[in-house]
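Labels run A, B and C following the written order; every chain starts at residue 1.
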């Protein structure tokens, strides 16, 4: 990834402090708000259906997260999503747990039919399920699928007409014309809740200030994976996942273009 | 502020462990519960409409926070607020994001019409919007307004018949007869979510054990600003906003009358 | 408690990574998800009524927590609980705040009538209230009751047909045939929110991988009390409850059979 692109993304993010509206789950909503602040965005987490459209119209990007989806929430998400489409701000969709229950898959497809999303970020089974695949998923964790992640990402980007970000041991980011892989990360990122959700917030923060959503997606995804790697590296022997979570947020807030360029391993 | 007043407030708070009922947003609800515990109160965060009145009647103060307001929540807030009025316990109102959407402003005014509030705590644009002003607000952050904060606070306290607390670089606390300014704080308090919400919990904890709500408001507001200053001062170079949040809670839990008197700068 | 039992519980928990479904309050939901991960389980926190049954059928244990109970939530809890009963996975019930309002007590009894629960974890007044006792409860904290905890636990286990866990200065765990007391803990566990809720998640994680729910309950309860003791012991003089919470999570994530056997004091 071109050094200048990432420099510009960080510079503009700090300058513009984009407003990132979230309609998200109540498990990691605090983490998402703080991650947005940490990278330089301004989070709004309003969820009332009566103001869903108005709030999206104030925002520079919209994050939709299915973690604790229900029918009422979906209605607000569609209203907000359509307002975002009208304003032409990017919608970042995090299909948490899709594939785990028939309800989730059905509602995710309903959302994707009603709203044009710019970027979808999920784990492999979530993305697989959006394409109609039957993965052995267990709750919100990635299950086993039988095709390479790059192929899955390429298929998904064509079929779903969105940039696809698949978080995993190696993260894959695909657009119709390009594909990138991020080699950073640490297993501890799967041992605390919210790292996926926060990644969507980071991606949204970058996507809010550019039209180049492919590179925004790489910037946000790699920020999380690199921050996780750095948090782990600074963890002392007697510290556990409580401290890891705090150091992860520290690393996100300390991230800048230089640290990113020095640390991120893309192929 | 008289030394004896603050000594008495801290002493009585520790002795009485007042019950602080909250109906609040799901972003910072955990922070508010922990801040209440940290200062010496006992938090209750029940939100079901069927018990809203009963729970308020058990409490010593009620915090109403509009962060993730919706119609159902407003109904519960009004029931709880009216029960609090009947029991003559103070209602602390945090009009989060009011001014950002027409819905929020309208519902806030509806709430203020139905319930007598003792103390309103907000940022400048939120308070300005309650008075009918059109501020350039962006989501939940303070926007630009064109009158001095002291004048805004004085106008608001008269018009809204409540103690007014405006959080900012300098915090302003106004009653009909008095005004105070707190010079403590740190920019990092705006870089993590929940510091405003937690301030309302701290104010409520003090207001629950006295009839002198003006000084309770100063005590709570200054506790947050001083804790933020201290948390920042103890932050090491390689630490970020994750650690700042933890140290902020540490400082709240370590606060006492002596530290308060020594550290707080009031004019 | 037999050394072999606890060794086996930890070994099987790490091997099986059981799926722990929660329908819980929005105050400590993040803490519960992270505590489940920390001990080696996999949390799911879906709350939508439309998938409540399906999600419970995917799970290995179900945690039901009444912290922010409302009528809609209760419906989802009953559907999930009945699905769990059909699948014969354990239901762990945390009757938060029962006794504080008539609504809570009534709804708790309604839940217990509709669903067979394996384990009930509460403080003394919550358990007392489930038996029809009138305790002087204040919100979610334990009030005063007039019978010894062991008798309360024995009565409750017979009457409610469930393993009973009463958290307190000494924790009491009772089945119809056995009773155990855990002498670990620290007062700081009552100064942060969520330690009770997280205990239910820990108990559920152990109960998910054995039919010996009595020992699973001891394992989970004692893990929390010992972790609290260790977190307190490692707290420096200038640290407060913010850091305590983080160290508590660290200690849960570092817990294993050897540390448990060495540290836990059972009689």
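By definition in this document, a residue touches a chain if its C-beta (ideal position, glycine included) is under 8 Å from a C-beta of that chain, and two chains touch if they have at least 3 such contacts.
These numbers were taken from a predicted model, which means no experiment stands behind them.
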*Would you kindly state whether over half or under half of the residue numbers at the chain A/chain B interface are used by both copies, giving same or different?*
different
_Superposition rotation for chain A onto chain C, Cα-based, multiple of 5°_ = 120
*asked:* For chain A versus chain B, what separation do you get between their C-alpha means, in angstrom?
replied: 32
*So which bits of chain B are touching at least two other chains?*
26, 30, 245-246
_chain A to chain B touching residues, read off their complex_ = 19, 21, 26, 29-30, 33-34, 37-38, 42-51, 54-55, 58-59, 234, 245-254
*What does chain C use to touch chain B in their complex?*
25-28, 30-31, 67-71, 73, 97, 100-104, 138-141, 191-194, 238-243, 245-246
